[in-house]
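Residue numbering begins at 1 within each chain, and the chains themselves are lettered A, B, C and D in the order written.
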Amino acid sequence: MKKVYARPAYCMNCHLCEVNCIVAHSRSRDLFRAYKRENLRGTARVIVEERLPLSVAVQCRHCDDPRCVAGCISGAMVKDPETGIVYCQEDKCVGCWTCVAGCPYGAIRPGEKNGRPVPLKCDLCREADEPACVAGCPNRALVFEERRAGA
Amino acid sequence: MNYVIIGNSVAAVNAVAGIRDYDREGSITIVSAENYYAYGRPLISYWLEKRVQDQDMPYRPQEFYAQNNVCVLLGRRAVKLDPEACQVHLDNGEKLPYDRLLLATGGRPFVPPIEGLTPANYFTFINYDDVRRLQAAAIPGREAVILGAGPTGLKAMESLVQRGVKVTLVELADRLWAPALDPEAGALVAGFLQDNGVNLYLNDTLTSVYREADGRLHLELKSGRELQADILVMAIGVRPNVELLEGLPGVTINRGVVVGPDLGIGLPGIYAAGDVVAGSPPLLPHAAIQGKIAGRNMAGARETYLPLPPYNALGFLGLHIISIGNSVANEGYEVLTEVDPAALVYRKLVLKDNRLAGVLLINKIDHRAGIYRQLLEEGLEVAPFKDALLRPDFGLLSLPETIWRQKLAE
Amino acid sequence: MLREGDYRVPSGCAISGFINKDGRRVDGSAIIQSIALMQERSNGLGGGFAAYGIYPEYKDYYALHLLFEDKLSRNLVEELIKDNFYIEAEDRIPTRHVRSIGKAPLLWRYFVTPRLSKIEESKETEADFMTRLVMRINDSVNGAYVVSSGKNMGAFKGVGYPEDIGEFFRLDEYQAYTWIAHGRFPTNTPGWWGGAHPFTLLDWSVVHNGEISSYGANRRFLEMYGYKMTLQTDTEVVAYAIDLLVRRHKLPLELAARVLAAPLWQVIDRLPAAERDLYTRLRVVYGSLLLNGPFSIIVGFSGGLMALNDRIKLRPLVAAFHGATLYVASEEAAIREICPDVERVWYPQGGEPVIGRLEEESQCRLSA
Amino acid sequence: MPTLSLMPPEFRVARDDNKCIKCLACVRQCGFDAQQYDAEDDRLYAIDANCVNCQRCVSICPAGALTIYKNPPPMRPNAHWTEGHLRNIVKQAETGGVLLTGMGNDQPFPTYFDRLLLNASQVTNPSIDPLREPMELRTYLGSRVEPVTLEECRDKTRTPLVPIETPIMFSAMSYGSISHEAFASLARAAKAFGTLFNTGEGGLPEDLYEYADHAVVQVASGRFGVHAGYLNAGRVIEIKIGQGAKPGIGGHLPGEKITAPVAETRMIPEGTDALSPAPHHDIYSIEDLKQLIFTLKEATRYQKPVSVKISAVHNVAAIASGIARAGADIIAIDGFRGGTGAAPTMIRDHVGIPIELAIAAVDQRLREEGIRNRVSLVAAGGFRSSADVVKAIALGADAVYIATAALIALGCHLCQKCYTGKCSWGIATQDPYRSRRLNPEIGAERLYNLLRGWSHEIKEMLGGMGINSIESLRGNRLHLRGVGLNEVELKLLGVKHAGEAM
C-alpha cells in the first residue's frame, strides 16, 4: 500500500507537517480557525522527533497486524481491508489508550477533541489524494508512495 | 473446510479474520452462549456509566458476519466435545461436526465460597448481562462494596462512582492492583481514590454476608470490620472455561488449557485462544492476537504465538495507568523512576540486564509507552540510550540509528 | 544621404540563373527575359548580371570591371593598376542608351595580369594578391568600385530594373555558358550602382535574395581573415565566406554549403559517426559563417553554379532541368518563361545545395 | 568589545500576533538565533540585532505572520556618507578588523547590460517562432582549429570540444564554501540539462563522481582535491587565476567549515583553515601558465580542454591574448560583479571592471589578432537574466557562467552572510542542521527550471532577431544598441547608439 515515508536526510525540523496535519484534521480546514478557535495546537497526528541536527517525522506505519487494532477494546480502531489504512472511528473510542501502549513506533498519542477522547494517529488523510503532511512538506522529506517489502 | 468456533468474543472474531486471511470459502460457525454479537467486554463499565450506548457496544459491525460468511448461533451453549467424531454437542442436542475447532470460551468470575453468599446477593462484572442487572441497582446515593481492587474492581468502582454510588473497595492484598502497582504506586493511586471519596480496605476480605430486613446487605470482613451496602460486586478474578475439555485424553489442563506454539491443544484440528488458554494473561490484546493466529493456523498457516508479556492500559476517574510486563519489581532489578506525587505522576522503568522488564506509567502516559512495550517485547538492549529513556524527548530517534531507520521504513 | 558601405542594407529580391553544362554559350536575352518576369520582386533600385565564358579571347587575364564616379578616381585606380599589373587591353564597357536608366558612372574594363615581382614582394598567392588589391580599391579609392575581377567572366550591374540594365549593357551581344541575374528591392534608398548585385570577388559572383540576420557575426569572423566589408551587404558576406571556405580553406563547395546553411544539430546527431564528426567540426569551427536568416542565393564560379537556400527555407528557390541546362530561380515561372518544356522541376530543400558544373569535356574545350 | 554599540540593529522583525499560531517554525529555522521562544511564558520574540534579513522565517511561516523591516539609518547619512559607510566605520571602530562580506559587488556602479538593447526582425526578414521551428542553443567549448580538413577528422588525439546544450554553465562554487546539498543540486541540474557545473577549488566529493562528466574541475592556487583521477574524471579542467569578486586576492575557508567530508575531498586535515594563496606559486609569468596548461594536458592525454579563469581587470584584453597564445582552450572572464563566499568588502566593491566591457575588449582583441577561434570565451559575474546572457554573447562570449542566479534559484536571499557559515537556506554552510534544508532533488529541479526558462527566453530573443542558432548571435554586435552611453563606451562595446541604423 501507499504509505508516508520519512526521509530524514531532508527533514529540516520545521514541523510544518504537524501544522498541516492539524489543519487537515480540523473542522474548519483553516489554519487560523484551527489554531485560534478550535484550539487544536498540539494535536498533530505526526510527530517530528528531534535529535538535532537530525529530525524526522514519525507517524503510523499502518502495520499488517496492527497492535492498536488488536488491543482496541471498543472496536473503534480498524484496518480498512480495502486501503490498508489503520484508523480510529472516533465516535466509538472510549479513551482506554491500549492503542497507545500497543504502538511499536510511538505513533499514537492520547488526545481529546470536543471533550471526547481521540487517539492522535495518522489516518493518511483518508479522504484526500495525498496526506496533508506530504503535500505541505517544503523539502520533500515526506513522500507518499508504494514501496515493495524489503525495498 | 468446516470451522467451528466456540465463544463469540474478541478471540473468536479475530479468529474469523485470521481464517479469512487464508480461506475465503470454508464455512464458519460460531457458537455463542451469550445472546449478543461480539462486544468489547471492557466496554461494560463505560456502558454502565452511559459513556457508551447500546448501539456502540458491538465489537464489529453486524455486516462483519455476513461479509465473512459466518453463521452465528446465539444463545447456544456447547455442552460436549467429541474429538473422536469431530463433533460438538450443543445444548439443544444438535451435533455440530467440524474439521477445525477453536475453543474461545473465555473465563468466568471466580466466586469463592463465603458464608451467606448466594447469586441473589452479589453481582459479577464481566459481561453485558452483568451490567444490565447492575444498572437497575446502581442508583445515586446507594452504597456498594466491591470485593477485589484489580482492573475489574477498579472499572466497576469507576462506573458506580459515576452513577452516584458510594463505593468501598475491599482488597485482600496490601495494595491496589497488586500485580501491576508496586507499593509506592499503589499508595499514590489509593490516595487518589480516597480523594475521590472511595473507601478502601486493604489486607482484608469478606468472610460473611447476609441480607438484613431492610433489604440491605450486611458484610463482615476478616478484620472484623462490618459494612452495610446495597450492592456487592465480586471482582476477585476469572477462571478459564475449560469444562468441555475436562477428562479428554491428550489435553492438559492447568487452570486453562495448555497449548502448543501453534495454539493447538494437542487434539487434531482443535485450537484455543483467549482467556481459556493456560498462562495467558486475561487481557484483550492477547486474546485478539491469539485469535488471529489460531484462526490462520486453522486455515493452514504455520504461525507461532510467542507468549506476550502482559500489558494493560487502565483509566478510572481521569487517572490513566499503563502497566507493561513486570511493573511491580524492585528488588534485584535496576529501576528508573520519575515521580511527582503532587501531579500524581509516577513513571517507572524496570530493567534487568540492561533490558526492559517492566514499565509503569501513571498519569503521564504518551506515545512512548508503545516504544517501551516494543523494547520490552523485543528484549532490545537499552544500555546505549538508557539515560534517554525517561527524558521528555525520548522517542524512536533515541534508539540506535539502524533500528529507527528500519522501523521508519516499515 | 548615406549609401552602401556606410551602413548596412537589407533587401528583398528576385534571382535567376542557368548553366549550360555542355558548355554551349548563349547570349543574354534569355536571362533578361527570365528576370524581367519577376519585375514585381524588384523596385527599380538595382539590377545586375554575371556571365561566365564571355571573354574567351582574354580568358587568361583578369577582367576588371570598374565603375568610377569621376575622372579623379579613375586616374587613381589606373595608377594602381599600372603599378601592379600588365594591362593587356582596356576599354569602356559598351552600353546603349536606355531611357529609364539615369546618369551612369564611368564604366571601364581592363584585362590584366599581375606583375610577378609584385606578387613575390607581397609573399602572397596570386589570388590573395588579387583579393587584396580589389579590397584596396574598394576600400580606399573614393568613387571607384571593382564590379568584377575574375577571368573570362564579368558582372554588369546598376540602378534600374534588371531588364533595363541588361539592355543598357547590351548583354544580347555577350555569349556565356552561365548567366545569373538579380532584380533588387532594397529596403533602404537609394540604390547605388556599386551596390547592385551580383557581388563578386575573383571568379565568385553572388546574387542573393534575403536578409542575413547573422550578418554581424559573419562579418566579424571574416574580418579576422582580412576581408573588408566595404558594402555592408549580405551578398558581400556570402561571396567572402565562399572564398574563404573554398579557395583558402580548400573545402569542397558541397561542404562549404553545409557551413553556410548548416544542418540542424538534431540532424547531425543522427548521422553515422564519421559524418557526424565532420559535420560537427564544420559547425563548431565555422559556426560564425552560418548564414542565419532567410536567403536564397545563386553563386556563380568558373565552370559552375550553385544555388542554396537557408536551412529552414524561408525564401523561395526552384530548380529545373532541360537537357544539359540547369535552371534556378526565385520562381518557377521565371524558368518556364525561357524554357516552357522543362523536364524536371523541384524545390530544393533548405540547406540542400543545387550545383551545376560544366561537363569535363566542355570544361576542357572552354579553357583550351 | 565596547559595552555600548553605536550600531543599532539594521533590521526589525515584526510578528503579527493575530496571525502567529506559535508553531515555532521560525525559531527552528532562523540560522542566526534572531527568533526565540520562551517556553515558560509561551511567548515568541525576536532579537533584532541578530537578524540579517535572510527571510528564512518569513518564507517558512505558515501563517504569514512575519515581516522584516529595515530600520531607519542609524546616523544621518548623506549622498557622500552613505549608510553603508557609516555602518562599516562603526563596525571597524568596534572590532578593528577587515570588513568581510559575501556575494557580489552591490555598489551602484553602472551595469552596461542595462544600457544595451536588442534587435528584432520586422517585415524584411521573418522572426522565427521557437515553438514551431528548431532553435539551437548548443554551444561547443574548446579550441576550434581551422581549417577543417577531411584528414584531421580522423585524428583521435585532437582535444575534443565539449558541447553544452545551452550557453549557460554553473560557475565555480567549491564544496566547503557551499554545502554538499547545494553542490549536488548543481551537479544534478547540469547533468540533466546537458551543461556543466564547476567544482570550484575544493575538489569533487567522491559520491558525486557520477556527475564528473558534466564538471569543470578547477585547479586553483591551493590545489585542493587535485589528483590525477580528479583531472581525468572532469570534462574540462579550469585553472583558476582570479575571481571577479576579489581580483588579486587569495581565499580563506575557515577551519570550522572543513568538516570531515570536506577535508577528505580537499585532501587536507579536518578543521584546518584552507588557504588559497593569492597567486599560484608556480605561476609568476605567462610562460609558467603555459607550463601548467600543458602539464594538465599531458596529465589527461590531451583529452580535456583547459580553461583559464581570470578576473576582469584593466588589462584584460592583453592578458587574455597571452592566455590564448599560452595554449588555453577556454578563457573564462569573471567581471567585478562576480560573487564570492567571502571577500574583503573593499576588494569586492572596488577592484576589477565590468564584464560587459571586458568581454567586448577581449573578443575584439582576439579577433584583431585572428585568434578568436583558438579559444572559447566564457563570461561570468553577475548575470541576472537571459537578456544579460544574450547581450554577453552578442558582445562576443561563447557562453556564460552563472552562480549568484543559481544560488537564488536554490533559495539564497542575498543576505551576504555566506562567510559566517550560518546560511539559513542550507547553501553556504557545512552545518548539517542547516544544509539538510536544501533537498538536492528540489534544488536540481529549481536549477533545471531556471536553465529551462532562460534557455526558452534566449530562443525567443533569437527568434525575434530572425536567427535560429546561438552561434549566429556570438559577437553579432549589430543586434545590440546602446542607450545613454557615451562615445567611449560605445566604442569599447563596439555597438552603435539606439536610433542609429544598421
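By definition in this document, contacts are C-beta pairs under 8 Å (C-beta built on N, C-alpha and C of every residue); 3 or more make two chains touch, one makes a residue touch a chain.
These figures come from a predicted structure and were not determined experimentally.
With centres computed from CA atoms alone, D is the chain lying nearest the middle of all the protein shown. Per-chain CA centroids place chain B at a distance of 106 Å from chain C.
One finds 28 Å separating the Cα centroids of chain A and chain B.
Here the spacing of chain C and chain D, counted between their Cα centres, is 47 Å.
Centroids of chain A and chain C (each the mean of its C-alpha atoms) stand 80 Å apart. Multi-chain contact residues of chain D (touching two or more other chains) are absent. Taken together, the chains touch in the following pairs: A-B, A-D, C-D. On chain D, the positions that touch chain C within their shared complex are 121, 123-126, 128, 133-134, 136, 138, 140, 144-150, 153-154, 161, 367, 370, 372-373, 394, 465-469, 471-479, 501-502. By the touch criterion stated above, chain D contacts chain A in their complex at residues 19, 21-25, 28-29, 60, 62-63, 426, 431-433, 436-439, 441-442. For chain B in complex with chain A, the residues that touch the partner chain are 14, 40-43, 46, 51-52, 56, 58-60, 284-285, 288-289, 292, 311-315, 320, 322, 324, 365-371, 373-374, 393, 395-398, 404-405, 407-410.
The part of chain A that touches chain D in the complex is made up of residues 9-16, 18-20, 31-32, 35-36, 41, 52-54, 138-141.
Across the complex, chain C meets chain D through its residues 2, 7-12, 187-188, 210-211, 213-221, 223-225, 232, 248-251, 262, 264-266, 274, 277-278, 280-288, 290, 292-294, 311-312, 314.
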